[in-house]
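Down below are the structures I want you to see.
First chain A sits with chain B, and in the next complex the same chain sits with chain C.
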Partner chain A sequence: MRVEYINPFVEASFNVLREVLQSDVKRGELYLKSTSMPVMGVAAIVGLAGDVEGRVLFDMDKPTALKVASAMNGEELPTMDDLVKATITELANMITAQAVTKLHELGFRFDLTPPAIFTGDNMEVTDQDVEALIVPMEVPQGRIEINVAIRERS
Partner chain B sequence: MTMQAELEKKSDSRTEEKKERADRVDFKMVTFSLGGKEYGIDIMNVKEIAKASKFTYVPNAAPFVRGVYNLRGEIISIIDLRTMFHLPSERKQDGSLESLLILRVEEHVFGVIVDNIDKVVGISKSSLQPPHPIFGDINVKYIRGIVENAGKLYIILDVEKIFMVDKDLKGARKEAAYEAPKPGMSERAFTSMEADGGDLDLGFIEETLFSFRHFAVTPVNDAWVKARFGQWKGMRKGTDLQLKEPGEADQYLETFYSRCSSVLWDSGYADQVLPVLPAAESRTINVWNPGCGRGHETYSFALLLRRKYPQARIKIWANDSDLLAISMAPNMTFQEQEIPEAYREHMVKGKNGYSFSQAVRDSIFFEFHDVQNANPLPPLDIILCRDTLSFMDVVQQKRLIAEFSERLKASGIVILGGNEKLVAGGWKSVSGDEAVSAYGKD
Partner chain C sequence: MKTKDDFPSLNERPAEGVGPDGVPFRVLIVDDSMFIGKQISQILSSEGFEIAGICADGAAGMERYKELFPNVDIVTMDITMPKMDGITALRKIIEFDKNAKVVMISALGKQDLVKQALVTGAKSYIVKPLDRKKVLERIVAVLNK
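Right, the complex of A and B next:
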């Protein structure tokens, strides 16, 4: 993944999470991964197109998703209902959009697809031959992994 | 003998003859030409042949996809085999028809454009010979074999391998997994210990180099390691030869690194590299620079390429898996006194010092990337991989060298570190100069 793309995603994740959760956010060590990986339980995905092709996946477990959604809505949400899903989708959208805006300022053209959300147990995501950058984020509600895979169109 | 009997005998021998011929024909192939050479495809993969033009262009598709076509209500994609295999092709005038083979591979149907479709030939499996690397235009793994028929040689393409990329990759990956039982100590290190009449010290040094600095001794670098061992004995006066800490491993490796490592290349070194660069084949020069570190060599090489190919569009993919090193690369700045004279004209002054001009920077993609993962790259003219192979384990080295061979154009070259060698089959040295290790395809 091009070096220029890394910081916008890291910064956007950090800023948006801190803003919507009104709390401390800690960033873990970035790393690359290319094998299939388990999804923790709730995954929101946003596709990228334009000069590049790729996707951003936001991955967290169910309790984290519920807590994050509760914090964002300012009320206790005990079950995985439509409001929770819509909230997590919106979070994914906000982070990706902010990153893409930053990239736009640097002169890279990206388009977004509408986010989609997946929930369930024992899920696994496999995308062949795609190397993903993992940005782990620790928030008081739990751990959110942002999984960015972008490559240039050749 | 009656007339009747004679007739019967005749027809008998005729059917026998027919039978014999049928025995010899194991399968039939459709033959065609691509860029002046004869090729064949198993007829079982060919649904029909057709002539067509006016394909509907698909934006942003791979260059070898000419478009889609409506074949009696079924929409199929049209692939230009000549572009796919980098063979010369003439674009037909507007309106004239292209020769198409409609192929079926598993459940997929698609059309491929070829120069000319010739005829159907029956062949027997026994006359099929394995592909020879000399058929350089098309990657050997896509060739099922060669047959002779009526004085002509036909290259039989393996359609499943060409178009079922995913399946192939899965298989390859599985093989790699089987092949990688112990990434730790190199097999070769053990054998060399025995071969050298039990020179245990060298064996231990090889092992500690790997555990301290992940430096694997393989045919890529063993000549240097042995020569260095001789010096090392002299330095240590023959006693206490082993490496006990990482610092000592660094000391041992001190003379391994190529000239101008982690600094901008001086003009002396650049002049040594210049003559090994191949002649420009097209207007775009694609370069891969795995293990670029902080990017000094990438910039230096970019400028050298501009000198060698002033007309060409240069594209360099530079990767490193060290996030800290590679993050600095796109915006590297220099102080005035550290810039060699030859680089001045390509530098612009900014707030924090001098940096390379936008034109130079635009030709380089710096990527945070691990070369052990998939490398989505176009066919390459040059691979610059100095002092990188040696720091991978044996299996990884093998895999990367195989990847070099797959990605490199027939006329392309690989430049390794000054003390690294590519002795594997299929490579030949192309540098007259000892100072630069450059290899081309044999």
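Right, the complex of A and C next:
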């Protein structure tokens, strides 16, 4: 997978997380996965289709999702309700919008699907024939992994 | 010696959501994201604005505007929404009330749609992520135009 696709997502995640959480964000070490991998518990997925195709997954565990949503709403949200899901969806929206703007500037043309949220235990994700690159982000609320699997349309 | 000037009154600044006559400005929020709707409503209520309604799609927003009229001062309008998008709803609101004050709420990267909205008659726009200062600045500027 070409690094041009990844950097905009890394930068956008960093910028948006820092802005909405009003706190420091640390980027962890990137790693590649070509086999199925576990999903932490709350995952927002956005599909891409066009010159490039694939998906981006924003993955975190449930306590992190609750804390992030609480911070973004400025109030304590103890359960995975509609507001928490709407908040995580919006977070995925903001990050993808910023990344895609950058990719469009670089000349890549593609459309996005609206984010969908998955919640549950013991989930895993498999991408046939595409490696996924994972960018871990450490925020005070926990760890959010930006999991990008994109390839050029053949 | 300390004078009175050293202790400015904390209440000196009037709330931004209240007009010169002391009546709160009434806002209609149109946004399909519960999170954004709530965020805008919290920011504005905390400054004394009155939330006249929150609608989750353009069609409902347009209907609500017609019901509320003339008791609505400003609308915040998301662009991408189900049923009817924000630009169509904006156009219909302007057709109904050519003086309507509509502020678009946009994700980054929708410059073309924002331009289209401004040409259609939107008075301003705010790009997400929303922050308190940005939202209040734009809304107050439009109300004072």
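Everything that follows uses one rule, which is that the second predicted complex is superposed on the first by the 154 of 154 C-alpha atoms of A that agree within 3 Å, B and C clash if a C-alpha of one lies under 4 Å from a C-alpha of the other, contacts with A are read in each partner's own complex, and residues count from 1 in each chain.
One rule holds for everything that comes next: a residue touches a chain if its C-beta (ideal position, glycine included) is under 8 Å from a C-beta of that chain, and two chains touch if they have at least 3 such contacts.
These figures come from a predicted structure and were not determined experimentally.
If you put the two complexes together on chain A, you find that chain B and chain C both fit without a clash. When the two structures are aligned on the shared chain, A:R151 is found in touch with chain B, with no touch to chain C.
Contacts of A:I6 after superposition on the shared chain: chain B is touched, whereas chain C is not.
Contact with neither chain B nor chain C is seen for A:D51 once the two complexes are overlaid on the shared chain. Contacts of A:D61 after superposition on the shared chain: neither chain B nor chain C is touched.
Once the two complexes are laid on top of each other via chain A, the angle at chain A between chain B and chain C, using C-alpha centres, comes to 140°, given in steps of 10. By the touch criterion defined above, A:D127 lies against neither chain B nor chain C after alignment on the C-alpha atoms of chain A. When the two structures are aligned on the shared chain, A:E138 is found in touch with neither chain B nor chain C. Of the two partner chains, chain B is the only one that A:S34 touches; chain C does not reach it. In the overlay built on the shared chain, the residue A:N93 is in contact with chain C alone; chain B does not reach it. Shortest separation of chain B and chain C in the overlay equals 24 Å (C-alpha atoms, whole Å).
Chain A uses no single residue to touch chain B in one structure and chain C in the other. Touching chain C in their complex are the following residues of chain A: 16, 19-20, 72-74, 82-83, 86-87, 89-90, 93-94, 97-98, 100-101, 104. Partner chain B is touched in their complex by these residues of chain A: 1-4, 6-7, 30, 32, 34, 128-131, 133, 151-154. Taken in their complex, chain C has these residues touching chain A: 33-36, 38-39, 42, 107-110, 128-129, 131.
Contacts from chain B toward chain A in the complex involve residues 60, 166, 169, 321, 323, 326-327, 329-330, 365-370, 372-374, 376-378.
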